[in-house]
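Only one structure is covered here, and it is reproduced in the block below.
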Amino acid sequence: MNKASRLPRAAMLFLYVAFTLIPLYWMLNTSLKTNEETLSVFTLWPRNLTWANYITIFTDPSWYNGYINSSIYVVLNTVLSLLVALPAAYGFSRYRFLGDKHMFFWLLTNRMTPPAVFLLPFFQLYSTVGLMDTHIAVALSHMLFNVPLAVWILEGFMSGISREIDETAYIDGFSFPKFFIKIFLPLIKAGVGVTAFFCFMFSWVELLLARTLTSVNAKPISAIMTRTVSATGMDWGLLAAAGVLTLVPGMLVIWFVRNHIAKGFAMGRV
Amino acid sequence: MNKPYNNKAWFFILPVFICVAFSAIVPLMTVINYSVQDIISPTQSVFVGLEWFRAMMRDPELHGALLRQIIFSLCVLLVQLPLGVGLALSMPSKGWQSSAALVVLSMPLLIPWNVVGTIWQIFGRADIGLGGHALSTLGIAYNYASNPLDAWMTVLLMDVWHWTPLVALLGFAGLRSIPDAYYQAAQIDGASRWAIFRYIQLPKMRGVLMIAVLLRFMDSFMIYTEPFVLTGGGPGNSTTFLSQYLTQKAVGQFDLGPAAAFSLIYFLIILLFSFVLYNWMQRTGSKPAGSDHE
Amino acid sequence: MARIEFRNLGHAYGANPASAKDYALQPMNMVWEDGGAYALLGPSGCGKSTLLNIISGLLVPSHGQVLFDGKDMTSMPTRGRNIAQVFQFPVLYDTMSVYDNLAFPLRNRKMPEAEVHKRVHEIAEILGMSDVLKQRASGMAADAKQKISLGRGLVRKDVSAILFDEPLTVIDPHLKWQLRRQLKQIHQQLKLTLIYVTHDQVEALTFADEVVVMTDGKIVQKGTPDALFERPEHTFVGYFIGSPGMNFFPLKLNADGASIGAHKVALDAATLGMLKSVNHTNNVLSLGIRPEFVDLAQPGASGALEAQIDSVQHLGTCQLITATVAGHAVKAKIDTGIQVSTGRHWLRLARPETIFFCNDERIAR
């Protein structure tokens, strides 16, 4: 790239980074103020910095349980999605079979379905089998969207591994499970990482199904936040603090995979 | 890779098939069932055939929501695609700057969707938000809660803030996959910056951009949480898009029959678009179907 | 067309190179004559691509100078150097037709369209692609695509040198020789300076007038294919050129002559004298002889040693013998007519064609 184009590119990037970060900063700002300060004067940073909002969340079970519940079903979902998607992706990657192309497309269509369409049937379905208000219900319902994505991503990575490796392993006497766990998985660990990342992401951020299928025991943080209207009006500070805390898992995940993100992109695969 | 034909591969696919079929086919059957019944009470229902479908077609509220949805999705594509591509081109490819840019850009994608709504809810208010306050200081009358146009602008801006990084990251992935030799050859051929973009980068990015168009169109067509939190669909119903309309009908008003009928139509619209775009992607050879690779 | 000269040219990726290991390309001098066809031969990672990128301007060397016709071009960017490069895989503008691909470099330099038309047709004629000009470049076979890449370099009249970076890598084997032949024809027709990088010795030896052999960032020999074969300056050249490569044996000198391991080797007085003059401590002497020059001998003959023949393979044009002499593996190529079986034989290793090396470098007679 020639140097002449560096300045406008850098400027654009800088502007967009600012655009991204400013609203986030504002939420952080609001979370560190008392409601009195927020509603009375307009300040760019807290005059009286207070941790009260955060303390409330960490000490009030009706708040922190929300985070715990969300974490539980997200992890459940990621693990289950991977368990189910890995063999399927292997099948698509290594073999042709009756209806393979149609099956693949059908899987993807599930990713593309509006969750609202499944709202009612899921509600009735999970009520009927007695799984309402459980973590597993939310995890299972999210699998509808995450499993197709997982299969898609994993299949891509798996197809990058040549079949010769499978055949060599069989010649060397590996049974299939041993081959898969000891040889194949390590080779695609970047793919597993990317898949886990996306499964985590979609499950953590989803609101509609998570809220509909839960009431008390498994209520996720997203549902708790959407009912923060009290008699005294919106508790902005508390809401903002809750919001900031929901960013933490995401930021942690990005931080840990930051080196792999660039490498993953270099491999030319999404 | 030449793949052998072996129907035993179905054993690998079985867990996924059962899982997704259970989650998808059973509910779908339920929805189809409801769509042709008038559910008078939990135990009493009357078969009404295609009545609900006809009613839906005539429903002015549905038409309104559909129109708003189409305009919204088109605006989303028109803004996010060029912006995302521009960002992808601006991003550094090596060094700590590259990691830092990727990290910052990924942040909006990892925020729970309701929190996205909350962030902009706070940010856009004239009394407690930086954005709203800044606008009113400049003398611009802005209130997303009472003015439909302001509400639209805010919802669009929020979606741009939220999802442009996805297009940018996809575009970036596409750019990374271009071998250096192409840029070297372009230098040797004396190509201008614009020619490099037009003849090398854009064609090579076509695959990922198709994915971006597909994903953004689908997701924007299904959007629910963010506008719900930000405006609740208002003022009035000016920012009520299709998903919210459906949810209101199904869970709010408990009109199961019409809601089910509409669900089916909604689903079929998306299916149609995804089928068309998917085939387009197939033909341009960008993303393989999953069964045949080079 | 240009005469390219290197003055003390070297490249190190790190900041302060201390020893030879730190250099990707060790400083050296070299001249590439105008209109010559050169091959740059060496194994992967030897620095040949680094060298090529320095010539084309895609890399600025950390030490030394590059001169084109006497002018210092070391820091000149690629655009100003008038070179063309053909890469390992075809690099094309997929959305354009063959014609537009060839016209691209000319149009970027604002040449009038009529001249562009003339020039593109000229080059298409030479490449044998006149009938496919209107087709989309992306749909063509790999060898056609490489020809288009080449064409983009030829189409500019002011091009001083064409650089090839292993261009036949993606071409089907049965088309490789065809393309090589066409390249040679183009060279004869247009009299351009061509520099061809490859790790395939057959390509290098058949294509070039002179071959530059490299290993580990160092240029070990520059010469005609014959010179490389018969008088390798370095053990690496002996080993790399030839199929199979040269046989090497460590040589020890003592009071009554030379020996390989426990076996004496009878050498003539002149050779012995030459070896004695470099036989200082820490100098490693070795004897090298190509399989083509090893032959069967009578027991006890001059320059011969006892050998255990392990296998005899008929290769059609010759027989390949694999044997062991004094614990070292030997390969020999002999005529098909000679009867030989496994077992103990004598092989003559010291002959006029034998080369002697001191610390891997040829001892000049």
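Lettered A, B and C in written order, each chain numbered from 1.
In this text, a residue touches a chain if its C-beta (ideal position, glycine included) is under 8 Å from a C-beta of that chain, and two chains touch if they have at least 3 such contacts.
The structure displayed is predicted, hence computed values, not measured ones.
Visitor: Give the chain pair that accounts for the most C-beta pairs in contact.
Guide: After counting contacts between each pair of chains, the winner is A-B.
Visitor: Relative to subunit A, which chain's C-alpha centre is the most remote?
Guide: So the farthest one, by centre of C-alpha atoms, is C.
Visitor: Would you mind pulling out the distance in Å between where the CA atoms of subunit B average out and where those of subunit C do?
Guide: Roughly 56 Å separates the two chain centres.
Visitor: Between subunit A and subunit B, what's the gap in Å when you average each chain's C-alpha atoms?
Guide: From the centre of subunit A to the centre of subunit B is 16 Å.
Visitor: In subunit A, which residues are in touch with two or more of the other chains?
Guide: Within subunit A, no residue contacts more than one other chain.
Visitor: Spell out the part of subunit B that touches subunit A in their complex, as residue ranges.
Guide: Touching subunit A: residues 1, 3-13, 15-17, 19-20, 23-24, 26-28, 30-31, 34, 86-87, 89-92, 98-99, 101-115, 118-120, 122-123, 127-131, 133, 161, 165, 169-170, 172-174, 176-177, 183, 193, 208, 211, 218, 221-222, 224-225, 229, 242-243, 246-247, 250-251, 256, 259-260, 263-264, 266-267, 270-271, 274-275, 278, 288-291, 293 of subunit B.
Visitor: Help me check something: in the complex, which residues belonging to subunit A touch subunit B?
Guide: Residues of subunit A touching subunit B: 1-2, 4-5, 9-10, 12-13, 16-17, 19-24, 26-27, 30, 38-39, 42, 44, 83-85, 87-88, 90-98, 100-101, 103-105, 107-110, 112-125, 140-141, 143-144, 147-148, 151-152, 155, 159, 162-163, 201, 204-208, 212, 221-222, 225-226, 236, 239-240, 243, 246-247, 249-251, 253-255, 258-259, 261-262, 265-270.
Visitor: Can you check the complex and tell me which residues of subunit C touch subunit B?
Guide: My answer: residues 56, 58, 77-79, 83-85, 87-89, 91, 93-96, 104-105, 108-109, 149, 152-153.
Visitor: Can you tell me which positions in subunit B touch subunit C when the two form their complex?
Guide: 179, 181-182, 184-185, 187-192, 195, 199-200, 203
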